[in-house]
Amino acid sequence: MAEKKIIATTSLAGCFGCHMSLLDIDERMLDLIEVVEFNKSPINDIKKFTRKCDIGLIEGGCCNSENVHVLKLFRESCKILVAVGECAIMGGLPAMRNGIPLKECIDEAYLNGITVHANVNKTVPNDPELPVLLDKVYPCSAVVKIDYSIPGCPPHADLLWATLYALVTGKETEIPYEVFKYD
Amino acid sequence: MKASIENILRKYQHDSTRLMDILLDIQDELGYIPEAYVPHIAELLGLSDADVEQTLSFYHFFSTRPTGKYRIYLNNSVVAYMMGRSEVAAAFEEALGIKFGQVTPDGRVGLFETSCIGMNDQEPAAIINNVIFPCLTPFRVREIVRDIKENKPVEEMINYQYGEGQNASEMVRSMVSNNIRKVGPVLDPHYKVGEALKKVISMSPEEVIEEIKKSNIRGRGGAGFPTGLKWEFCRKAHGEKKYIFCNADEGEPGTFKDRVILTELPRLLLEGMIIAGYAVGATEGILYVRYEYRYLKKYLEEILENARKKNYLGKSILGKEGFDFDIRIQFGAGAYVCGEESALIESAEGKRGEPRDRPPFPVEKGYLGMPTVVNNVETFCSVVKIILNGGEWYKSFGTEQSTGTKLLSISGDCRYPGVYEVAWGFSVNDILDMVGASKNQVQAVQVGGPSGSLIEPDEFNRILGYEDLSTGGSLIIFGHHRDLIREVVLNFTNFFIDESCGSCSTCRIVPVLLRNKIEKILNARGVEKDLDEMLEWAKLLKASRCGLGQTAGNPVVTSIKNFRHLYERMIQKNKEYDAGFDLQAAIRDGAEATGRIPIV
Amino acid sequence: MAEIVRVYIDGKECLAQNGEYLLQAARENGIYIPTLCHYEGVKPKGSCRICTCKVNGRLMTACTTPIAEGMVVENNTAEINEMRKAIIELFFVEGNHFCPTCEKSGDCELQALAYKYQITAPRYPFLFPTKRVVAEYSRIIIDHNRCVLCKRCVRAIKDAEGRSFFAYRRRGQHIEVILDKRMSEQMDYEKALEAEKVCPVGAIMARRIAFTTPVGHRKYDKKPIGSDVEKIK
């Protein structure tokens, strides 16, 4: 039997929807673990890379400094990096703030928003432990080299399956029209 | 104010196709076009407000907000920078206490940038209320600002000498110089006005066209379409009325020869237009002049008036029954793309200067849907000499495929910038020798303006002509001390971004992507792959509708082709990929908004 | 009687009326040439450049090029398809196209073209321009983030006197569609729906109605754009 491919996954500025969609491949998961092994990933809760991986799946774009660090770490640790879902590819929903100055976003969230009631001291979170927000939400390709992209919000489970299958086996696959979507 | 608008509209018979003139007149009167006037103008012309706004907002020199009693437009072309524009710009900002794009707090002075104003041989130059101020220095700037503070009329701020020739005449009174360095058969001032016209009316229109065809002259604007053939198409096209357009929109940075003709030989130009009118069977001519040359307005109008008095224009010209022809001047308002013939026609119809789809060509359906000939200033002038001396004579100049002479506008790093009339067939080396630029000091020559090519010394033996280096006549010379990428390619690419009409996706977007890539390389973040990508992306521009879009990638493409080593010097050797992401810059706003130290 | 001429599209002999636009002639012959700025019944503009073909060796837009006898057209070739794909990608980086939140998703022609060419991600860096969402009109909302500047609204939506409701403002990368303020006050609900329909993307949205068709039943959920043309064969 051929050696198993090692896969790592992460969610940056995403909603974990793409990971959920990966779980939606249902019983094919059993076929998948025959040929792959998961390394750092929220799926198995491995927090740190323990070895060089073959495939890194990235959900979400970069909205803060930590996202950038994690993404760069993935680039160093994975031979192939795949942007999964609209947020990783083009920023997605979080990037809708890109047209608004960051200060305005923060003020709206913590100071002026109509749902802000409890912040009596009018403070904005600024603990040094917190990642710093970026001026914009960046798609992954704006930070590191991305080898492949799987679109969708989230990508259809069949599309994820077909792409993973192709990446793992090295065989070209036909993508049915109905599963190739951006929403 | 309403009364004055009504006067202006009445002057143009409430004709919506004259919207450009209407807006220009309002702008001249008030210095800007108040937004509040738009509904009024629209109503009286039977247009929608949005119709008026779309024309108004297209042109660089129209403004809907007050831009001051003194409106300073400082040229930002490559050669302006080479001649000390940065110091001049800083002097303006300092003396006025404002930045470019701003108006002084008292609302008196506005300071703006503008693309090449056709003064490349006397940069840095600015336009202040339609008056040209060439050869600016920081000292001169301080004098100008002092005069402005003393509320002197702009016309009285000309305390340096007038330019030579007609520049010093009563109707022009300009500091602009002609710098005519070499005179050939077209620029030769020793000809008799009207003689060619007299000869023409003894010929049939077909014979005139035949003579032009015999000369093999091709359009002098740059595209090089055979003039005789164009006239013939237009003559044969069906239309109630036909039009002759002279394209004096001369917007290609580095070109200024048409300005010199308009100044010194306007009668020659008009005669050429009238001859074209006769040959084609047109009754109206339109001289479309770029806004930057508005200082010649009074002068040109008087020459037209005199021509009417002498019956060179009007009904039954020179007694020839049925030969009616008149010319009006149409000014532009700042748009390079209007140099494209169909955009020029759109503009003259009072619309946005967006090129049309072809076919149909203007010779079939041009101005107001009628058959129209559009020729360059220089073409019309050459035509007069062809009529006087014959097509065979004209062919004795130049080469087999490029007959006649060409006016060159030469600027940049050379001793004698100016206008040269040479026969086609000279090499770039010949030209460099002619203008006093020694070959070993020249790094590159931009042939044909930004839309042409940036060539290297190994190519200096190439020949100017349609068969090799075709050009509208602009040559800009760059010495070894120039940073070609930063000073030239970036400037030209920004020029194309500013001047795109925005209609085609390719021309609207690709130059922006190219500019970002150049900046990435200049910021030392480039990799080898970026160069290949730029070449690949620039190919898309070939799918644009007009010549502007199709050539907008040329600065990048020809510089990579001929000066790849300059790029390679700046790119990272041991890196395959760099997204150009700058984390430190990206966290600056976030750290500031939360009061944190921007370190990660 | 109009004259019938012969043109060759990718080697296939096609018959059509002389002077007809290439796009139309191709469609009548069951050949789909992709378009974005084209709208049936409205004067073509050739602004999106997606229908670019090689006509007798030259790049020409099919929507604006009248056919002539013997014309040789390259349409469905690797070179042309790659160029079209690249142009479609340009639109995605030029604007801010957030498909998951867009009311037009599934019915959007830009998105459908991207599906057809299986674009996973644009090759160009996103420009993320700051664009406005204009909600000051009583009948419609204009979201400039999504506008592809096809001029369909400008060309198609007119009042009884033939005046356009929409127009362009500025030029180049700063160009944007505007709605005539005074005319917008006379815009009725039908006109607003018509404008929404004419817009190939979700830039013009009629107020008070959105997300009416469930996912799976939208125009391009099941079948690629152009299927109806290719079916004619």
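By letter and in written order, the chains are A, B and C; residue numbering begins at 1 in each of them.
Note that contacts are C-beta pairs under 8 Å (C-beta built on N, C-alpha and C of every residue); 3 or more make two chains touch, one makes a residue touch a chain.
Note that the structure is a prediction, hence the values are computed from the model and not measured.
Q: Using mean Cα positions as chain centres, tell me which chain lies farthest from subunit A.
A: Chain B.
Q: Select, from B-C and A-B, the pair of chains that is joined by more C-beta pairs in contact.
A: Pair with the higher count of C-beta contacts: B-C.
Q: Could you give the separation in Å between the centres of subunit B and subunit C, each centre being the mean of its C-alpha atoms?
A: Centres of subunit B and subunit C (C-alpha means) sit 33 Å apart.
Q: Can you work out the whole-Å distance between the CA centroids of subunit A and subunit B?
A: 50
Q: Please list all residues of subunit A that touch 2 or more other chains.
A: As it turns out, subunit A has residues touching two or more other chains at 136, 141-142.
Q: Out of subunit C, which residues touch more than one other chain, so two or more?
A: In subunit C, residues 125 touch at least two other chains, as defined above.
Q: By the touch rule stated above, which residues of subunit B touch at least two different other chains?
A: In subunit B, the residues touching two or more other chains are 579.
Q: What residues on subunit A touch subunit B, complex-wise?
A: 64-65, 68-69, 101-103, 106-107, 124-126, 128, 131-136, 138, 141-145
Q: Any idea which subunit B residues touch subunit C in the complex?
A: Of all residues in subunit B, those touching subunit C are 39, 47-51, 53-54, 57-58, 335, 352, 357, 359, 497-506, 508-510, 512-513, 516, 537, 539-540, 542-545, 579-580.
Q: Can you list the subunit C residues touching subunit B in their complex?
A: 44-50, 52, 59, 61, 64-66, 83, 86-87, 90-91, 93-94, 124-125, 127, 148-149, 151, 163-175, 178-183
Q: Taking the complex as given, what residues does subunit B use to touch subunit A?
A: For this pair, the touching residues of subunit B are 576-577, 579, 581, 583, 585-596, 598, 600.
Q: Tell me, which parts of subunit A touch subunit C in their complex?
A: 83, 86, 89-93, 95-96, 98-99, 136, 139, 141-142, 146, 148-151, 153, 175, 177-178, 180-183
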